[in-house]
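What follows is a set of notes on a single structure, which appears directly below.
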């Protein structure tokens, strides 16, 4: 085939989100490798599913060969994707899938890891760091109430904690959900004040990466690493620094670069050789302190 | 002598930090043309703003046609039969002449609960006619009031008041900005009101105009009434003296 | 002829159309002909009603001299109320009006607080932006309720109709509402009051207009339209997401301003607001089709928005400077 | 005494203080005494300067009769320019001014476009909101640049100082700037021009004030302060994220309005804007300490914001109704 | 006869759709008091707005003291020596009296490049003095102009013009809203200007006032000058006739 392939990637995040920039890097690199014409379309506000749907409709009008998209809602994209499949476009889900998987949506395959399972995995790993005895006071920072990515990650965390509570009936487990926001400074201030007022807090879970800034507040105040356990999602340099310092125990890494890269390859194979795309789990991707040195360089390059 | 149309008793008005009316009492009798004069800041506009519902008094009472009234807003006063030309702020500059003439009293060609379709044609025609009645010849009823000259704007206000004349007419310095001919029209208008059973309160700084068309002269100074005489019992100089 | 051009160009909403045509040509070339293709136009027209309805309400309210920043939240709240009720098994015939009534209630609260306490509507509705969004999340529990497949008569609102399936039903709804509101504003005495209230409040009061009531009604219409627009979107997407409509408030105000509505009130037309909304959608759509790099996307978006208003202002100025006696 | 109370309460910024004290008491109780604890105050005061600096600029600009919605983006852009340069090995002494100059340039563009084409600054700066954010992402390539540990003299801006380490250096910077701008507004002829330009533009022009230049300077000051505030935040957080400052524009305007600045220009004080910013931060902080559930948080935030302005308006009304001759 | 201070030649001005000045030519001689009269909408304000830099003409030329000038804004005109009281819009209502008096010409106690610290005390004192000079006794220099009565507001504008008198003074209907005493002060002021080598253009609809203080009468109608005579060569009725 001489014509370069035409691939579009739509998702629910804005250009100022480093995680998605890493996905974009993977996406662009992959496209270059196969010589495809590629376009990633961001939304203007974070988590705007309606904008994402609009972007998909627009992109489809130009008749691309493949559409890669995050499926952050079970119904919102069903129609568009069905239409795309009818048009003969290869559709691959990346980053997030319909919670019903292939049943819920006409997409061909899924590359990535669901929000709920990721949250669940985070909390489970974190529970290994919980103190032997005494009450557990967990705080879940919902970065953006009402937005799918944040609510579902939070839900995953809460799900595990509820289970934990049932399995340990002798221990008091309290879960507090806070609206923490998506601005590092504000999150740091809000959670910082909360921890200050509630020094008996065991763990803080962030549905994003903003706990890195909370760590800074704690460091500022002379709170020792590990006094409050912290964990969240996605890898950036600041998070790695704080992990190194010991303030962050567990971090979920979905390997964004891979989430951008693999779908392109699958689309390429599907388009040119009719090879059916297959689901790829981009990893449980739980990062602990000991993994940090290896990751630092990759993070700086935008690969992890 | 007839019962007064308006009985004002001991009206007080404070603006923040200013005692603008210090116990004003005044009777206005039917069909009389009352000339209200006074220094700048005497409280004339404040008094008539209260009468027309634009402002509320801090204390004191007003009776209109024998009944105590409390005008909360200009609509109440208009409904009672008081029509006012204010010294300022009587036009919406961003709207056309025709619309300004009829704001709040649009002729409707069909309506439901008071809301309905305006009769644009009638508004245009009647407004031009009303303007011609004050000797103003404006280019179009669609011209924006904000794009008129000072006198033209004032003329529109006068034309509106003349068009919607009511039981009581209050005119606060209506001849400001008006050219000679138009001024004469206004004075003639006030004179004609008497014959039409309309009571008028006419505020002006031009003593000649006041004497030309009023039966009674009331002078205010520093929030109080300092003179109240029939026009034929007092001379211009007497009035000028108290001012 | 010159007189005609002059009158035409002095109307900001019509100057907007000129820019729109120019833009369409540029995008048509840049997108290799996709932009004006049937599928893309269908896409634009399918999405347009939702934003344009909000723009209509906001334009009306701005002409009345007030702001509404809460439209984005109401856009999510009204359909969420409907969705939660539907998920609970309440029939559409009750759930749908319940959603719209919620929107009306928000408008009423906005209006009453603003008028009663004489505070800037910027603050009232900014507060309401947060409150309504919070309520949306609260009643949904943070997750979209699962609406039974046939609970909504979606066909009534989003089915494709017209030649070549060009329009959705929502477009007809939008047209009907637009015509209604535009007529109400230009032909009825209520419209006259709205314009007077926004144009110069003291004068409007002096002339006996019940300005408080006029404002409150405008707030309610604005909220209602936002709620209805959100409901249409939810029908289209199939699920009431708690996060839809974020950032819509600024877009709606931008649409109104691009269409010539003055931020200070009194000036503007419904048609202008709609043209502004179309421009915003077209710019967005055209940039996606022109394959502007993601990182540069907002730059292009921002510049074109500014440019639209500059061109508008310039055309009008030129028109005014034409020496033709018009009246 | 009554006279004193009257004069005091008529000033909206001082009425704001009354509400602030009330709020502090409520939160103190609800948070079991943590709210007024040293550590919490330290936290509030540490973050305050960043938002308050933006509020100062926006207040000044609003008094001058214009809007700036791009402050949030400039808040990110200026430190990003600095950060990228630092990461490239440029010394701080050059990188820091480069960031601030970028901010100034944005302000200049905002001002010149607004004044030159006579278009509403709402649109100019809304466009700039997108443009500046886009530039931030573009120059950073989407990833926060890694700044060498000792490239920034962070101590100069964020070290703790004062009794009990109560303040950060940034607070002192903020104080100095606040006093400077407040004095410029109230005591200099420039301040007089700003107020006249915003109060009634035709009159200001008639009296020979170079209103275009006054506006442009205000735009530039506003942008500069936003850029400086962002730079302080980046020093504190250690890395320039491309996403900081999103939504700041509405908060800053809200702060100004809560503090008594009129949206129509001409009225307002710098102190008011600062008090507005403090109120917003205190409400936010107090609600967190009161353990409001995530879903309800915005509801409380929104209602309290509205309440603050209502109380302000009410106090002022009461004060005005007091029958004391003041002058 | 002396060279004219202002030579206006064939001035045309279009507002959108309105031809407001249709080729106006006029010479104003030094130290004369020129009374400009005319119907509402004749173009008087337009003419003087162009002279004072508020608006620009579409064609025609202006020479000031023999040199051709192009006033782009009021500042240019003020710098050249033309001081104006406009018919409208001459005050910022949200600012205090003292500040309004000195806007753009604040007395500074220290300055750098024209920006500096205002001398508040001096502003307060001088503004109260200037007001007393027009017989206005206002409560405080800190009162907001927007909270003054109509006449008080106009008085402040007059006081400012008198305070900053310049080579040429243009007064557009300065006596509107003013009470009797203040009006007399204004007329006295215009008369006194002649003795102080100041040229005055005085616009009014009150023919008596014009004749009281002007040497020369110019009448406009529909954008053109229709009468231009020395005041002692023409009677009031002649003037009224052409209007």
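Labels A, B, C, D and E are assigned to the chains in the order they are written; within every chain, residues are numbered from 1.
Going forward, a contact is a pair of C-beta atoms (placed from the backbone, for glycine too) under 8 Å apart; a residue touches a chain by one contact, two chains touch by 3 or more.
What you see is a predicted model; the values in this text were computed from it and never measured.
Trainee: D-E or A-C: which has the larger count of contacting C-beta pairs?
Mentor: A-C
Trainee: Between chain A and chain B, what is the separation of their C-alpha centroids in Å?
Mentor: Averaging C-alpha atoms per chain gives centres 70 Å apart.
Trainee: Where the CA atoms of chain B average out and where those of chain D average out, how many Å apart are those spots?
Mentor: Inter-chain centre distance comes to 47 Å.
Trainee: Rounded to a whole Å, what is the gap between the Cα centroids of chain A and chain E?
Mentor: One centre to the other, that is 70 Å.
Trainee: From the C-alpha centre of chain A to that of chain D, how far is it in Å?
Mentor: 33
Trainee: When you check chain A against every other chain, which residues touch at least two of them?
Mentor: Within chain A, the residues that touch at least two other chains are 15, 24, 44, 142, 145.
Trainee: If you look at chain D, which of its residues touch at least two other chains?
Mentor: Residues 130, 133-134, 137, 141-142, 262, 295, 297-298, 327 of chain D each touch two or more of the other chains.
Trainee: Which residues does chain E have that touch at least 2 chains other than itself?
Mentor: In chain E, residues 18, 139 touch at least two other chains, as defined above.
Trainee: What are the touching chain pairs in this one?
Mentor: According to the stated criterion, the contacting chain pairs are A-C, A-D, B-C, B-D, B-E, C-D, C-E, D-E.
Trainee: So in the complex, which bits of chain C are touching chain D?
Mentor: Contacts found on chain C: 69, 113, 117-120, 122-124, 126-131, 133-135, 137-138, 141-142, 250, 253-254, 257-258, 262-264, 295-303, 305-306, 309-310, 312-314.
Trainee: Quick one: which bits of chain B touch chain D in the complex? Just the residue numbers, please.
Mentor: Residue positions touching the partner: 14, 16-19, 58.
Trainee: Where on chain A does chain D make contact in their complex?
Mentor: 14-18, 20-22, 24-25, 44, 46, 140-142, 145, 176-180, 182-186, 188-194, 196-197, 213, 216-217, 221, 236-238, 241, 300, 302
Trainee: Which residues of chain E touch chain D once you look at their complex with the stated criterion?
Mentor: Per the stated touch rule, the residues are 52, 54, 73-75, 78-79, 84, 86, 89-95, 99, 102-106, 108, 111, 114-118, 120, 139-140, 142-143.
Trainee: Would you mind writing out the residues of chain D in touch with chain B in their complex?
Mentor: Its residues touching chain B are 6, 10, 319-327.
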